[in-house]
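The structure under discussion is supplied below as structure tokens; questions concerning it will follow.
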Amino acid sequence: MATIAPLAQAVSQVVHDGDTVAFEGFTHLIPFAAGHEVIRQGRRDLTLVRMTPDVIYDQLIGAGCARKLVFSWGGNPGVGSLHRFRDAVQNGWPTPLELEEHSHAGMANRYVAAASGLPFAVLRGYMGTDLPKQTANIAPITCPFTGEVLTAVPALRLDSAVIHAQRADRKGNVQLWGITGVQKEAVLAATRSLVTVEEIVDELEPRPGAVVLPSWVVDYVAEVPNGAHPSYAHDYSTRDNDYYQRWDEISKDRESFRTWLEGVA
Amino acid sequence: MATIAPLAQAVSQVVHDGDTVAFEGFTHLIPFAAGHEVIRQGRRDLTLVRMTPDVIYDQLIGAGCARKLVFSWGGNPGVGSLHRFRDAVQNGWPTPLELEEHSHAGMANRYVAAASGLPFAVLRGYMGTDLPKQTANIAPITCPFTGEVLTAVPALRLDSAVIHAQRADRKGNVQLWGITGVQKEAVLAATRSLVTVEEIVDELEPRPGAVVLPSWVVDYVAEVPNGAHPSYAHDYSTRDNDYYQRWDEISKDRESFRTWLEGVA
Amino acid sequence: MTDYTADEMMTVAAARALTDGSVCFVGIGLPSTAANLARRTHAPDLVLVYESGTIGSKPATLPLSIGDGVLADSADSLVSVPEIFNYWLQPGRVDVGFLGAAQLDRFGNINTTVIGDDYRDPKVRLPGAGGAPEIAASCREVFMIVRQSPRAFVERVDFVTSLGFGTGKGDRERLGLKGRGPQLVITDLGVLRPDPDTCELTLTQLHPGVDLATAKAKTGWDLRVSPDLVTTERPTDQELAALRDLTA
Amino acid sequence: MTDYTADEMMTVAAARALTDGSVCFVGIGLPSTAANLARRTHAPDLVLVYESGTIGSKPATLPLSIGDGVLADSADSLVSVPEIFNYWLQPGRVDVGFLGAAQLDRFGNINTTVIGDDYRDPKVRLPGAGGAPEIAASCREVFMIVRQSPRAFVERVDFVTSLGFGTGKGDRERLGLKGRGPQLVITDLGVLRPDPDTCELTLTQLHPGVDLATAKAKTGWDLRVSPDLVTTERPTDQELAALRDLTA
């Protein structure tokens, strides 16, 4: 059963130094507030995992929380590049960042394998690309029935997963809707999980397209209204596109980023 | 784009002699009316596929439509055995019935592989059981990353799939809700598909828990109110449990079954 | 005190075995009745998972089939059949798999496929595996509820549909199965548990009024009996009332 | 007739390439603009699929990102990200994959990973693969929309993020890819198509007012030109009005 707790306590229980951790979300429902709390708590040596690392990952990387990034597309959606990510990869600032790079299909299937308790997943993927040369985590596999050669990727087991959702009830059952991405898989792939929610309600009335994560697969729930800002929560808020534009400016040089970082702490 | 057509025409376009065909449904939304039309049209040599072959499969088998059954649980849910199925297996009446037998997890994953365009699926399944001795369609597979040995099953590609749903719109987009089983996977695994629906409406308003199959993956839609009877359509009808009880009597001997069969034609 | 039948004793004993707050993957029939009785008595927060894809069902009436609408309407979460097996059962998230069986042997192996020694020409064709092979493999532990008779409790099952302990201790581990296997077999006569050293199902409990000779006579193998054999507490009036209300 | 920019010509030419009723897997940015323009002009029944899991989106305004709420609200069906890749993209159900690229070579191979020849120490770190490798592999055909420049149109990409024709004809077949690969590259200067014999991207079309010398100068390889080179029809007033309404 999930424990309902304040954000700072929940983050300290769920995200530890050295964790392989995902803050998932596909443009929608990005758990920014929890990410900022991780920065405040000074977590280090994280292996950050995400299909679409965006501004919150740029912030975590710039703040020196990460040693490795496992991902498939890193950018500022609709704006351009992630400057802190680039600075870490190209110049090792503030610390070097190891990369493990996949395609979206590969990452999604790695989450599926972990959520399914399997050591690997099979897909038609990566064929003819240079991606398999850069990691041992892409391998050929032969169909035992047809002899066809496909691609295997290992399960993406997480120490911790953090997502944002619209609602939870008082028992800790979680409900999210709109674009739900790989959030269910990330929670089911993790040993520990935290869900920040817009609000805690008495009853989760059914919603079209909603995913419900039962309380018994969630460890912590924290009520954080607008906890996805500048991302959005479908039916609660809209995306703050100006923030993403401003981030391009803030993150372009180390000084303005440092000033921003002091504001978080 | 799906063609909206009367049941008899749709069935004749979708289900052909010799097809590997699934009439899917997990207690809920069983496409009985379409099955009866297949009996009327005198289809032969079908390989019938289903996780839970129940009364409609007993009827198809007794009517001599099938040469093979691929399945994981064959019974009259809540009542007992399928007498026509038993008679075919134990006595070859009206024709011998070849069996290929799996577990639910194996069948579900075979559908998933086919829906995914993969030649096989991997699961933790069948270990230590006698099932793998009876079919070549269960094989060991080794994880290329950990060396662990798991089980592979081949994709369950269908010539045709038939399901029942609550609604379609006039473009042929299909909406079903409640227990939706493996119906999406069956349609996506098939070369040709038919969906019978309770009603055709102008607009599919969103429903909690609904699966929507877009028109462009459906071949035929036929409006058949109560087309799942004696099974049920969530929010449209309730299960006719008496029919299932009566079927036990009707199907117990060949004569009373023959009389029933004459009533269908 | 109210009179009760052997089946009622069996169902009550099975319900008592389920811990409040645990997660139970429920087969239809007797397991479902027992699990729903537990929810109505000592285990209101027992989480019921059905293979039709319903998670956390709280049916007001007893479902007749695994796919009843009441299971969907009352569920915390409703998922597809592939998802229930892949995301929920397979990774070992479920505490208890609760199964019935047509045939069961001394090592808790289950047969629901064929009676007779020729699969291709069976004496009786049974419904088949359903979800049981992976339920038996993946749940942290497996409970079974089976009426005891020499036809059902056999020395060796004709066909291993779902694995218990195979040929004895160590087989599950060698196959890489994570779950601990059958830990409890509840019958109309008593309760059997695997011997910690051999994994052989051993009578540890007799229901009130059942004598040991009957239990042995209704077992198709030479039944071992625990030195600490105890008598089941008879059903309370509250348990019987809840059960009868459920099955009415 | 209304004046227009080279980017507008490019987007209009790209939109025209999409057939009404076909299914298009849409990358964000220029491909999304072109696909939405097509829906507003000649192809009202074009099915837009976005990798965020939206199938049949009919956005009233142009989405800024792949995960905009307007894509979800207007979709025929909304599915998870694993499902969009596994059930919808991978089996080859999609007619056209519509992609952009940072770098593109004469065989239509795409680089969105790194500029420079050392992956571990790149000159420029680009965003990475996203959905493109499997879009390029699985869709029946691939259209690309890329502004032409010697930096973008290179002899050989620094990194093959997504496969076009590899080193030439036959590579895709040898790898077992089912899709036909890049069939159309729409630029701000013209349109390139693969040569049927060699699969080398060949200029088959120039936009009005663009001369061949410019197209060659803006290409980083020795650009082949079709003997049947034609001039693109200029954007109609209706196309321009729809495009400007969309991007306003």
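Chains: A, B, C and D, in written order; residue numbering restarts at 1 for each.
By definition in this document, a residue touches a chain if its C-beta (ideal position, glycine included) is under 8 Å from a C-beta of that chain, and two chains touch if they have at least 3 such contacts.
The shown structure was predicted, so the numbers you read here are calculated from the model rather than taken from an experiment.
Common neighbours of chain A and chain C under the contact definition above: B.
Chain D has its Cα centroid 40 Å from the Cα centroid of chain B. The centroid of the Cα atoms in chain A and the matching centroid in chain D are 28 Å apart.
In chain D, the positions touching at least two other chains are 86, 90, 138. Residues of chain B in contact with at least two other chains: 112, 117-118, 123-124, 148, 184-185, 209, 211.
Under the contact rule defined at the top, the touching pairs of chains are A-B, A-C, A-D, B-C, B-D. The touching residues of chain D, counted against chain A in their complex, run 28, 51-54, 64-69, 71-72, 78, 80-82, 85-86, 89-90, 113, 119, 121-122, 124-134, 137-138, 159-163, 166, 171-172, 175-177. Only residues 117-124, 137, 139-141, 143-146, 148, 150, 152, 154, 206-210 of chain B touch chain A when the two sit together in their complex. Chain contact summary for the complex, chain A toward chain C: residues 1, 112, 115-118, 173, 184-185, 188, 211-214, 216-217. Within the complex, the chain A residues that touch chain D are 26-28, 51-52, 71-75, 77-78, 81-82, 85-86, 89-90, 101-105, 108-109, 111-112, 123-131, 133-134, 148-149, 178-182, 184-185, 209, 211, 232, 234, 238-239, 241.
Of all the residues in chain C, the ones that touch chain A in their complex are 21, 23, 47, 55-56, 76-77, 86-87, 90-93, 138.
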